[in-house]
Amino acid sequence: MDPELYRMTIPLYIVTLLGIWMTAEYFFPFLNPLVPASDAIRAYASIAEGAAWGVGTAILTVAHLRRIYRQSKDPFWGYSVVYCVFFFVMFLLGIFEGLGGANFNWLLKWLIQPGDMALYSTTAFYVTTAGYRVFRFRNLDAAALLISGMFIMWSVLPLFTGPAPWIVPIAGWINNVPAVACYRGFVIGVALGIIGLSLRVWLLKHREVLA
Amino acid sequence: MPVIVPGRGLGLVVLVIVIVAILYYLRRAEGGQLARIRRLPQIDVIDEIVARCVEMNKELWFLSGQGRMTYATQLPGILSTFGILSYVTQRCAEYGAKIHHPSMLPLAYNIQFEIMREAYELAGKPEDFDPLDTILYIPVEASRPYVANESWRRKPAGGILCGFWYHYTIIHAEALQRAGAMTLGGTDTTHNIPFMVAANNYSMIGEEMYAMSAYLSKDPVLTSSLVGQDIGKYIVILLTIAGMIAGAAGVNVLSWFKI
Amino acid sequence: MAVTMGMIAGSWICIMLYTMLYGDNFVSRTAEHIYMGLIAAYRFLVNFDFYYKKGVLQAVSPGGGLFVIPVILGILIYARLHEKTRWVYRYPMAIIMGSMLGITVRTTVFSQILDQVKGNLPPIAPLVGVPPFTLVSNLIIIFGSLSAVVFFIFSQEFRGPTRYVHRFGRIILLLGFGATYGNTLSYRYELLAGTFLSNMFSPPEILPYTFGFAAAIAIILIIGFKTGLAHWD
Amino acid sequence: MTEAGEKTFFEKALDLDHRIIATIVFIIISLFILVPVSLPFPVSQYGQNYYNFVKSIPEGEIIGFMLSDTPSTRPQLESASVLTLVELWQKNVKIVFWEDEPYGPPILKDYIALAELKLGRTVEYGVDYVDLGYIAGEETGAAAFLKDIRGLTGGKDAYGNNIDSYEWMKGINSGSDWEYGFFNVACRCTEPLYVRQWQMPYGTKVGSINCAMDLPAITLYLATGQIAGTANGLLGSAEIEYLTGNIGLAFGQTLAVSFGGVYFTILVVLGNIFFFMAKAKGRPVT
């Protein structure tokens, strides 16, 4: 038997078969007896995904261990030590203390969660600097971005709407008319793109989706 | 028992028309009649970015977004990156540009790893593929400081961002911009496409990103499938105008959607 | 409320992570690796716990025999790590991808195409019997969204009059993007203020620790940049 | 024209270093949070209506207060809730609390402690307020509770005392026994169930303390007057702080966000001025 068959072709056909089945079952009632099976397959898929995190995490850790091992080649190996210390502390706490353990939760509550909030809020800085770079009257396109962006921002800040209450209806109009039109067109385009891509995958035209 | 679930008839019709149109144009293209397709300028941008990286002897960064493959709304965006990744990696391997891909997708990481490894093998340079650096899994939350710091240090000359994105968009795109990279960004997420358009030098908006994988495929036939998608757009336009006129004439248009 | 070690740790990690805005330096690098180590382990544990509880435990429990399937699928992903069995991982991938892609296609047609068309039609966007201003707005919504659809057409070169439709579609798209940008902007400032408040400034007793540490970090960074240990450019 | 290699002031200003921009954001945000200045602050109609509603409650009235704040929404809603309590207790209003969220009871204790600080006196359990504890069951639970309080709670409060031991509680057994009520619903993003289960059947005048993202869901009820007023998220908290003269964290936060917006506006205006100045000098600018 050609190894290509069971190595590549059969998995690709599995994608096609499952895809057409799941789509058809939504439209045709005679496929209803198969619904429990397809629900089960989706449940199995999300359970199996849980196991997938191990591969990437292990390789990341190995990459850091390699940096420590090859000290001389990479001047940044010190940081890898920091990574490994915190990784193994968290990992071992999780294993021995369980996910609800006191120390595990302490790390979660006082390091991971504030860190996540801090990182999320850094977007404020990036949005400001990007805005400074982009919001310029270069041409009509940039002007469209600039005008609607500024009006919408002013409309939610009391310091602007106080002295100039007429901003609010303008911003409301932008939000309800051009923005709606924009995302309607955008979403329809995306939907057709999704159908086209899925069909190409099902027709085995995108073999790279399974590498 | 009805043949079709009530209320889903119109959807099925639209879906079938689009699928048949795509199949028709694909078959016609396989018969030698390639459809005329507008060339997207973004394709040349990808080549330009790779060329810039080769010229400056710096890295190209590929960022494939966040999301999980088990969520139906996020999967297509992730799938669309595979074609782009395959093309970019091959180009980089051929021309000798280094590519770095911090992948934030735990499951798709496996596929992306194999895509990149195969692309390097195809280019005949498997030794250039470093499994611990060319592609590296970075937990998605930690990718924010990672990209900001690491791009500042390595100063990549080019960046390509695509896939499904959360608020990370602006951080990653701005970080690459600050490092002096020329970036191309695209996503299908409504909340983050504005930042892709604003912060990157070039952008792929929504469907353009999906079309990209057809353009970049080695098989020129695939671009013809885009004509099938256009048929879907014409259906939308026709349906809207017909509904508008019928609605103005007093017809209850909503009943169309309950077929 | 007393200041605890935890509050100080939370405040300090925030300050350290914020230094990533000042380019690559040892403070932000250290914070990055602390954070990455913790989050990598945490994400792995949480997801593996899900796999173990929903998969392995259910499989061994009575009546859950079929849950052997996801357990095996999960293990097969790891086959990739060995050169000879590399191809095996495609099977779990194919099952995950296939089942989810079907769901996407079937819901996309309704939520992303038909519902959007419905939104352009009466009674949601009526054209008859409405005040003139609403009529104009509704016409802009309808023709704006159609122009935005036209913007994505690939099989036409936009020359002649169609060029203007294409252009109008682009302007509409950019107006919408600008609106989201503006909305997000104020929300992000609120988020920043909220983070400052909940992690660094409250309870007020923590202020000396926060500002003391921030000052120390600032001094360290200035020394670093002056001596060239950290790179300004 | 300057020499080719040398950048004009405008061009330099156009590539203003991002770190300077970021540092100023840091300074603005933390300054206004820590040192909120009292500026003439435009109070929205929502905030004014809510304040008027609180003011309209007569001295010594007995009211119902559903408090289900959560830790994540607390930064937004704390000020509005605490200051409402302060205003009420200044008028010796007696409050019956209950919570439909497990997070509610500990947060209530915090809020009462904070209100005591602001009030300058201690409030006494059983005299100023009674806590009926956590009522499970979301909408059905709330409906049953409002129909027959003693039936659902067994006549006991959160601490197991008989509620009839408090003289003023004797006449209270259903939603209709309160003329005024408040609900703090945190972020539910749903149609407000307390309008359906409390205001509509019993005609109680209710005020709402909710997150800003819930506003679209309740504007309808505000327009019809079914909700008498809303303290709408952080902005609502800031407005109440401003109106009651207790300028604090929420006001500072709103001020910080507003000044962040002012700063961004200034940046964009300057960016455009520099852009056209540089362009006028005939230099290629991006």
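Going by the order they are written in, the chains are A, B, C and D; count residues from 1 in each one.
We take it that a residue touches a chain if its C-beta (ideal position, glycine included) is under 8 Å from a C-beta of that chain, and two chains touch if they have at least 3 such contacts.
Just so it is clear, the structure is predicted and the values come from calculations on it, not from any experiment.
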### Message
Counting hops between chains that touch, how far apart are chain B and chain D?
### Response
2
### Task
Please indicate the chain closest to the centre of the assembly, with centres calculated from CA atoms only.
C
### Query
Based on CA centres, what chain would you say lies at the far end from chain A?
D
### Query
Can you give the whole-Å distance between the Cα centres of chain A and chain D?
31
### Query
Per the centroid of Cα atoms for each chain, what is the distance between chain B and chain C, given in Å?
16
### Task
Calculate how many whole Å lie between the centre of chain A and the centre of chain C, each centre taken as the average of the chain's C-alpha atoms.
5
### Query
How many angstrom between the C-alpha centroids of chain D and chain C?
27
### Summary
Each of the following residues of chain C touches two or more other chains, namely 17-18, 20-21, 23, 29, 31-32, 35-36, 39-40, 43, 47, 77, 80, 93, 96-97, 100-101, 103-105, 107, 109, 113, 116-117, 120, 142, 145-146, 149, 152, 173-174, 176-178, 180-181, 184-186, 189, 192, 194, 198
### Where chain A touches two or more other chains at once, by residue number
23, 26-27, 45, 49, 52-53, 55, 57, 60, 112, 115, 119-120, 122-125, 127-129, 131, 133, 145-146, 150, 153-154, 157, 183, 186-190, 192, 194-195, 198, 201, 209-211
### Task
Could you tell me which residues belong to chain B and also touch two or more other chains?
8, 11-12, 15, 69-70, 76, 79, 106-107, 110-111, 113-114, 138-139, 141, 144-145, 174, 190, 193-195, 197-198, 205-207, 211, 226, 229, 232-233, 236
### Task
If two chains touch, include that pair; go through all of them.
A-B, A-C, A-D, B-C, C-D
## Note on the structure
The answer for chain A against chain D in the complex is residues 124-125, 128-129, 131-133, 135-138, 146, 150, 153-154, 157-163
### Query
Where on chain D does chain C make contact in their complex?
18-19, 22, 25-26, 29-30, 33-34, 75, 234, 249, 253, 256-257, 260-261, 264
#### Entry: Complex interface listing, chain C residues touching chain D
18, 21-23, 185-186, 189-190, 192-194, 196-198, 201-202, 207
## Note on the structure
The residues of chain D that touch chain A in their complex are 16, 18, 21-22, 25, 39-42, 44, 235, 238, 254, 257-265, 267-268, 271-272, 275-276
### Message
List the residues on chain B that touch chain C in their complex, please.
### Response
8, 10-12, 14-15, 35-38, 40, 69-73, 75-76, 79, 106-107, 110-111, 113-114, 138-142, 144-146, 148-150, 152-153, 190-191, 193-195, 197-198, 205-208, 211, 223, 226-227, 229-230, 232-233, 236-237, 239-240, 243-244, 247-248, 250, 253-254, 257
